[in-house]
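Shared between the two complexes below is chain A, which pairs with chain B and chain C, respectively.
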Partner chain A sequence: MFDRFDIFFVQQLINGFSVGLVYALVAIGFTLIFGVLNVVNFAHGEIYMIGAYAGLLAIVFLAPPWVALILLVLAAGIAAGVALERAAFKPFRRFRDEASLKSKAMRESTLLSSLAISIVVRESVEKIFGADMQAIPRAYADAMQDPIVLGELAVASGQIAILAAALVMFATLQWILKRTDIGLSIRAVAANPLGAQYVGVNVDRTVIATFAIGSGMGAVAGILIGLYQGTIFPAMGFAPGVKAFVAMVMGGLNSIPGAVICAIVLGLAEAVATEFFGQGWADLVAYVFLVLTLVFFPTGLFGAGRERV
Partner chain B sequence: MTTTRRGLLATAALAPLAAPVATAQPRRILIGYQLPLTGEFSQYGERFRNSALMALDAFNRSGRLPVPVEIVFEDTRSDPREAVAVARKFVDNREIVAVLGDFSSSASIQAGRVYAEAGMPQLSQTASHPDFVKISPWQFRNITTQAYEGPRVAEWMRENGVRRVAVVAIQNDWGQSVVSNFAEAFRAGGGEMVATQFFNPGNREFRAILTEIARARPDAIYIGMFYEDGAAFLQQRRQLNIRTPVYATSSLYEPKLVELAGAGAEGVFLSTTFMATSPEPHVRAYVEEYRRRFGSEPNMFSAQAFDAVNILLEAIVRAWPEVTRARVRDELAKTRDFPGVTGVTTFDPETREPAKTLARMRIENGQFVLLR
Partner chain C sequence: MRGVLAPLAVFAVLFGVLPAGLSAAGSGYLFRLADVTLIFCILSLSMQLITGVAGLLTLGHAAFYGIGAYTAAILSTRLGFDAGLTIPASGLVSALFGVLIALPTMRLVSIYFAVATLGLGEMIYVTLLNWVSFTRGPLGIGDIPPLRPFGFDLSSPLGTYLLIAALAALALLVVHRVAHSYYGNTLRALREDDQCADAMGLPVVRLKIETFAIATFLAGIAGALWAHTTGYVNPADFRFAESILILAMVVVGGLGSIPGAIVGAALLILLPEALRAIGRVRILAVGLIMFLCILFLPKGLFGEVTALDLVRRQFGAAWRGSPTDRPLGWR
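Moving on to the complex of A and B:
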């Protein structure tokens, strides 16, 4: 057993870390939206998929430079997020009385409305582009998929890009939340929507801003991961979406740093499980982690603090 | 109206007398073809029908039989229940001497039970489940299974000096059969299986698996999966800079594989029964006519159906003039060295499993190249 702790094990940890970063990239936007609305946005995986398709269309028709590509995808994600909020979440906030604002039923209806939107979007994309994986123009795919060999170890250029993207997103989000006015109102609404409204925070505008930020980040995650894995297809958002959800729950539902750390732990656990038990067991290990967390830390590993988001 | 009825009555009265004459000299020969023409598998049924019409027209033009052969197409959506209903209908039609189809193994097996009981020869172009031909001596198939392909890949590797192999396959019935059939033959030939990994369907993250098998330092990796998974696998192998040669199941023969995997697909070895770019004249003739007539590229599925129809027509020719269900079955079982577009095909008279020549290919410069 101990003969497994060699250079390949180090490679395995690198693999797991990069898988964890993929989950983390999805989990950041997901957790932000949950933190503010206290409800799961089931369509986040589809925003991620829309980001990948928007990026792919831009690559095929415009072949833009990388910065322009990311900005285009960011814009597409923001537009999709705002549209999603308008279609699936806004209709359930139309009553301003206290009972409705506190009503769990009103909030939980958005579970179904976001799920409905996600199905409609996914099926439509399937109808338009087909259910199979899209081919990616070589120049862009190679830029994210080239191996970088370090002695016996190897990483892909895309893994570096995803690490950088995760750091930038995380830092930007912390800066927005802690240093800007909109960040202040997001934190206020997250902590207490009713109280925020009483002190004059525009809750609607804040929710829309949250969706714009979270979805923009989700869409950028989609194109980066889609290019790096070479797998752009309509159901691509499902698997990372589920893992991001698990990471969010493990992290304590509304802690973004917690979700990021748990996402990386999940990725590492899956790689190590593949190493010792085979890939068929990797998912099981992830869910065992989730169950253990819920049993021993019912509020999640990082959810004890009072500050939300 | 009355005349017609009287006519009918007269025919009915004469029928017992006329019957022996009719079997001796039928005015036409009918074949049933059950296939999915609607529903989620309709694109396959469409290909089968296209190929069947091509084969049939050519046959009737050739004048090898004094009477025309016709095919009755019935849509089953490849649904096992509808397949049974269609099978009953075909069995009740005394004119039908043999049946082609269905598409999926489950539909073919359900229909096969009806045919087994009624004594109707059935030839499926695609049913690859091991149980299908075990139903009764009336079932035949024109598709090789892993029980056939695995040992041939094992032999190919031995010829190339591969001693240690790692196998990666999808976790389902088919993936299991890829591993078991290959492993048995490879071990029997003195080879060593150094790692076996199954992955869950839907998983496209192969780095952990690749790292795990790279540690075992195999001479080659054998992969049993479909082309989308294969593309992700090959691409990630390149990212991890693992240079071990890869052999793949014939399921990876799909031009899109190269598009998706790019440089990762270079050098992959795989075998196939049908190759659209084959230089052989009869394959080229088939591909060109299919393209001209239907405006699309034929693939492995269209080719399987084309050969299945021709194999059945050959059996009918051999049975002529006594074309009965039992005779057609016996003649089908005698199919030997049939020169099809999916390779030279022989049916084992006992197991009714096909043996075909498998062409060996390698991906070079983004092209599937036939190895000699």
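Moving on to the complex of A and C:
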């Protein structure tokens, strides 16, 4: 039915799909935070990196079972997210009126402060652990590489784990947003922060909860990818961070399903581009998509007229 | 006398005190440090024009600096052009790319524009890195001849310094005349509210593209100077981190303040050098300084209002010259 080339190509598409899921895992947290605060969190890639390093430390010193490992990383991510919010975002939410909440100055100062925090965090990790790749101990990393053969195609168990994690995270997030009180207040703040405040929603606590949820997911994504790829390094957050950002913009800035779909499209497109143009040029795909989206679909592919978050 | 003394003082420091002091110290390292500081002054001044004065947050400025550096490197190593031609050519090529990039992106506002420039900057970096037959990719281009414009040998430390200082002074003059004039006030109007400026009949998109062209021209010249003085260019020098360094200079110095851009550039180049004794902390220091500055000095070290006041009093800015020399604006 398939000749060799086609099988190879389908294999590449499967790999691209799992890369896309990686971007989607990062993009979910990114989009959640943007949807609520309407500001870009440039330090999200660093949360992802912190998740990977927290996981490595846990593995080296505690060697916990899988569930405990994921919970520890989740806790580290939540702590990092809350600390980030306190340091880089809270100081700039000092005004309450509508004009300053929407002002360019506030958006740009949080953008710059999260950027500055991300530099400080990345460089500090580099000073502590070194700039080099750190290998994840084999006992854990190998579990992600078991091949699962489906006819002529092979899928690594890590790819299945990433798919499962993406599905679980997406479902959990939808459950939190649609079925819990905190989700209700997150959606309220996303729709209108002042209105939410007038009807008694604690905006400050809601924002912290948003950061906790988004950062927890980012950190878990970090350790999953670290395990799957077998190595982690301080700058690992930059590329997925930028790609997740592109997915968010393509998806329309505050649509989580849109961001997930666009992240997968991006992963597939990169796999195809790698196939035809080589690894180096494939990095261009994300940026080309970004610029084309911004120029031709300024509201994103899925953005117009949807409920935020 | 007002409007003469202060420019003379700047001139005297740049061409008298500094080179005399550096020659007396006789240290190649100090000369190099002064050169790098002045090159980054040009970069931060050009970014100040886009980001501080016209209010367009750009995250891809290093790409234009890189285009300038690669233009100079390729023209001088492949075609044997001398620095007298490569420096203006680098500015022009960079400005050409600036306009090409500005045409589709200038209709985007605030965060969308920032993201688009980040994407375009990374596109240029990826191209420099992967177009191996043209840019030699990650190997970089070496053996770029030192500065010998039109046969004058300026490759000595003092000569190099004087040429860079002259071009930096020229860049300062250009940015000063653009920013401190009614034209600059128009750009500030765009920064504050571009819809309102549009409604008042200002050609918003054209003004933005013009500003972008001027700024990218200056960034290209800075790139050419970097290429000729370093003798080697590599794509890694023109990445996102470099854009952030330039942005940090502008933010630390004070958005919209021309003296601030110079203070910021000097601080962020010289302070990490002074900290060299305690290890490689350059980028960490940049991040920390930037964060503390945003938090505690949101107007920057040399805020725009103070800067405008200084310029108006001491540097004879264009709007000083009402017939009776009465100060304009609220007092």
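Criterion: the second predicted complex is superposed on the first by the 297 of 309 C-alpha atoms of A that agree within 3 Å, B and C clash if a C-alpha of one lies under 4 Å from a C-alpha of the other, contacts with A are read in each partner's own complex, and residues count from 1 in each chain.
In this section, a contact is a pair of C-beta atoms (placed from the backbone, for glycine too) under 8 Å apart; a residue touches a chain by one contact, two chains touch by 3 or more.
Here the structure is a predicted model, which means the values were calculated and not measured.
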item: First (chain B), second (chain C), both or neither touched by A:D132; value: first
item: Which superposed partner A:V288 touches (first chain B, second chain C, both, neither); value: second
item: First, second, both or neither for A:A141, with chain B first and chain C second; value: first
item: Partner chain(s) touched by A:L111 [first = chain B, second = chain C, both, neither]; value: second
item: Which of chain B and chain C A:N15 touches, first, second, both or neither; value: first
item: Chain C-contacting residues of chain A that also contact chain B; value: 278, 280, 283
item: Touching residues on chain C, where the partner in the complex is chain A; value: 55, 57, 104-105, 108, 110-112, 114-116, 118-120, 122-123, 126-127, 129-130, 240, 244, 247-248, 251, 279, 281, 283-284, 286-288, 290-291, 294-295, 298
item: Touching residues on chain B, where the partner in the complex is chain A; value: 171, 197-200, 202-205, 207-209, 211-212, 214-215, 228, 231-232, 235, 238-241, 256, 259-264
item: Touch list for chain A against partner chain C, complex; value: 40, 88, 91, 104, 107-109, 111-113, 115-120, 123-124, 127, 238, 242, 245-246, 249, 278, 280-281, 283-284, 286-288, 290-291, 294-295, 298
item: Of all residues in chain A, those that touch chain B in their complex; value: 4, 6, 8, 11-12, 15-16, 18-19, 132-133, 135-136, 138, 141-142, 145-147, 149, 154-156, 158, 229-231, 233, 239, 270-271, 274-275, 278-280, 282-283
